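Following: one structure in structure tokens, then a few remarks.
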Amino acid sequence: MVYIQRRETFSASHRLYNSSWTEEKNFNVFGKCSNKRGHGHNFQLIVTVKGIVNPETGFVMNLADLKNIIVNNIIDHVDHMNLNEDVPFLKEIIPSTENLAIVFWEVLSPLINNQGANLHCIRIIETENNSVEYFGK
Amino acid sequence: MVYIQRRETFSASHRLYNSSWTEEKNFNVFGKCSNKRGHGHNFQLIVTVKGIVNPETGFVMNLADLKNIIVNNIIDHVDHMNLNEDVPFLKEIIPSTENLAIVFWEVLSPLINNQGANLHCIRIIETENNSVEYFGK
Amino acid sequence: MVYIQRRETFSASHRLYNSSWTEEKNFNVFGKCSNKRGHGHNFQLIVTVKGIVNPETGFVMNLADLKNIIVNNIIDHVDHMNLNEDVPFLKEIIPSTENLAIVFWEVLSPLINNQGANLHCIRIIETENNSVEYFGK
Amino acid sequence: MVYIQRRETFSASHRLYNSSWTEEKNFNVFGKCSNKRGHGHNFQLIVTVKGIVNPETGFVMNLADLKNIIVNNIIDHVDHMNLNEDVPFLKEIIPSTENLAIVFWEVLSPLINNQGANLHCIRIIETENNSVEYFGK
Amino acid sequence: MVYIQRRETFSASHRLYNSSWTEEKNFNVFGKCSNKRGHGHNFQLIVTVKGIVNPETGFVMNLADLKNIIVNNIIDHVDHMNLNEDVPFLKEIIPSTENLAIVFWEVLSPLINNQGANLHCIRIIETENNSVEYFGK
Amino acid sequence: MVYIQRRETFSASHRLYNSSWTEEKNFNVFGKCSNKRGHGHNFQLIVTVKGIVNPETGFVMNLADLKNIIVNNIIDHVDHMNLNEDVPFLKEIIPSTENLAIVFWEVLSPLINNQGANLHCIRIIETENNSVEYFGK
């Protein structure tokens, strides 16, 4: 079993806000992250896939295919977007980094598992100090 | 003459948009960066100050003072903000990285020149691939 | 179960030295790291916490709280200090990076577990080439 | 149980090519990576070793010894080399990053296990976007 | 006058070798870099352009245009190539990083100067420890 | 004229302290940096040399020679040392990063100018946020 990792990046804005709370409670919990007009980040998305090495290619999975799956299904939908309003598959959630990781797992897992390998981890780096990992359960 | 550099970071959203143009022209020039609801970045701001080394301290300028000047006058006003709408000193401009560098120079230059040193360069890193420098003229 | 990571940094000096050994044996085992007057590093401390995502906030744990726990209980005690002499909770040990990781775990684990989440890993990066991880057992 | 990591770097060229295939099939699978005269990378090799902390030294294993094992047995054989042709222990394989990780494990594992610690992971970073991990089974 | 920077990356192999010298003299001067079958790097190319900020766009030059000029005229010709043999515009030179910087300047300078801005600097980072800058004279 | 850069790293401790001042004035000016037992950093030293490219080698100066000059004359004297007490050529100064840059220039400049090239800049990175540059006048 070998683990391969592919990194892609996207820039997006978001706002942390629970619409069932008052403005004041939102500010108490989320601080500056609840700013009404949003703020943004350069996010890094790191996808880890595990599998057996194919002796004909030396690959767990062709990285060009993995890149295309990530770009077509995630990056093209979130890059230079507002994560609260522009992305259909994020509509029902608070776009915290934790929730992004869970939703990206749900989008990518069936597509990668189709390739004879398995999604192992979604890591999202929000800033140089903050990141999140999700292993699917 | 010795040059010292201090780095601070901020996360913000912006939209590149010229209000005297049509939506279509904005999209042709600015592409995804003109997305209506904004997108965002983790910006790095690197301020270079030049001066003579004070023999009593070994310093061009106390970095704690430089940090306070940058944080109080720039970072606290732009971090977790929407650069098009939330920041009074950015109100009249398109918040491109070039324009941010020029405005930050205008804010910081008199404050630093008060300290017996001189502002030399404002550098802003927008993404790992894109950055801007301004030397004040 | 989602894993969140917070990075903080500190600068400190230390000396690797076993007081029950001769100077010569210390030099043979620890090399330049046993230099009598100490040497120093910019350390990075990366704390990983695991837990369930709270549906009201989208958070495993508020990163502002996690930051405060790390800064108040570790960083404020070790930053710009001599790890052999200035830090009460490091008094009885050789301040190798391995031992720092174990002691920091003991300090942080009960404080984080009070927050409804669990400490998962202490990682300390000593230089760009050397780092240590401890998972608590 | 504590985990320590040592990073070393090497620059090398390789070509991804299956000699039992036509040129055309090689290009379809490996793309530009099959270019006849090779291409190259600055690889980072990160070796993780796990063990108990020795109370006399505070070390899982002396990092100077770990560095020497890695440099003498891997780096000196691959740095500034062509991985398809210059390295005896890579002769029979396609030098994909996956296969490098598996072979480096086989070389290093018995040498490290001799030191009273155990090899835990071989990580190879090929570019800032692509990396591989192998845990030995 | 504002300076903008765009970074692109490429992976390539090269060999430092003066064909008018003996093998032995080549090894004495170039060391492992003269290895017959080549070795390789992940190069970073950083292009700095200077100009006036256009008040209609806030740009010195559209970064999308700058990216296209660099990718079409440099990256597509050198990425995953052998710099000694595969690249017509490098044919007559020893592909040291210094010479790459000079040749890339000659390729890019007229194309960028066509855009109403001016090429200011070519920087090439060969490894995390080695880099080169060229300002065109 | 081409500029080449070589990076080397060292770990050291220092204390910012003016012996003609009281403890209290030292603390007011230098803060935690005046801690009696010192603190430390992983410093990066980046040396920029300028010169003409030698057509026989493609080099401004052999990087192996530049590395040896830096390591033998600076790194071996400061790595894993206390900069206030262990380094003869730093004895008379406050070891601020500014003063380190000036002294390192004085040490390296004549040695590099002997090689048919010229020292252009000493850059010292003290932490990821603080650095200093000196151009020799």
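Letters A, B, C, D, E and F name the chains as they come in the text, with residue numbers starting at 1 for each one.
One rule holds for everything that comes next: a contact is a pair of C-beta atoms (placed from the backbone, for glycine too) under 8 Å apart; a residue touches a chain by one contact, two chains touch by 3 or more.
Note that the structure is a prediction, hence the values are computed from the model and not measured.
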Each chain counted as touching chain A and chain E at once: B, D
Common touching chains of chain D and chain C: A
Most widely separated chain from chain D, with each centre as the mean of CA atoms: B
Chain at maximum distance from chain A, centres defined as averaged CA atoms: F
Duplicate of the A-D contact set - from C-F, C-D or A-B, the pair where over half of the pairs recur: C-D
Same-site or different-site touching of chain B by its copy chain F, using the half cut: different
Between chain D and chain E, centroid-to-centroid distance (C-alpha), Å: 28
Chain D-chain F separation of Cα centroids, rounded to whole Å: 33
Mean-CA-position distance for chain D and chain B (Å): 42
Multi-chain contact sites of chain F, meaning residues that touch two or more partners: 31, 128
In contact (per the touch rule at the top): chain pairs: A-B, A-C, A-D, B-E, B-F, C-D, C-F, D-E, E-F
Chain D contact footprint on chain A (complex, rising order): 1-8, 48, 53, 56-60, 62-64
Chain D residues touching chain A - in the complex, by the definition given at the top: 16, 18, 29-31, 93-99, 101-102, 128-135, 137
Interface residues, chain D side, partner chain E - complex: 9, 11-14, 31-33, 35, 37-42, 79-82, 84-86, 127-128
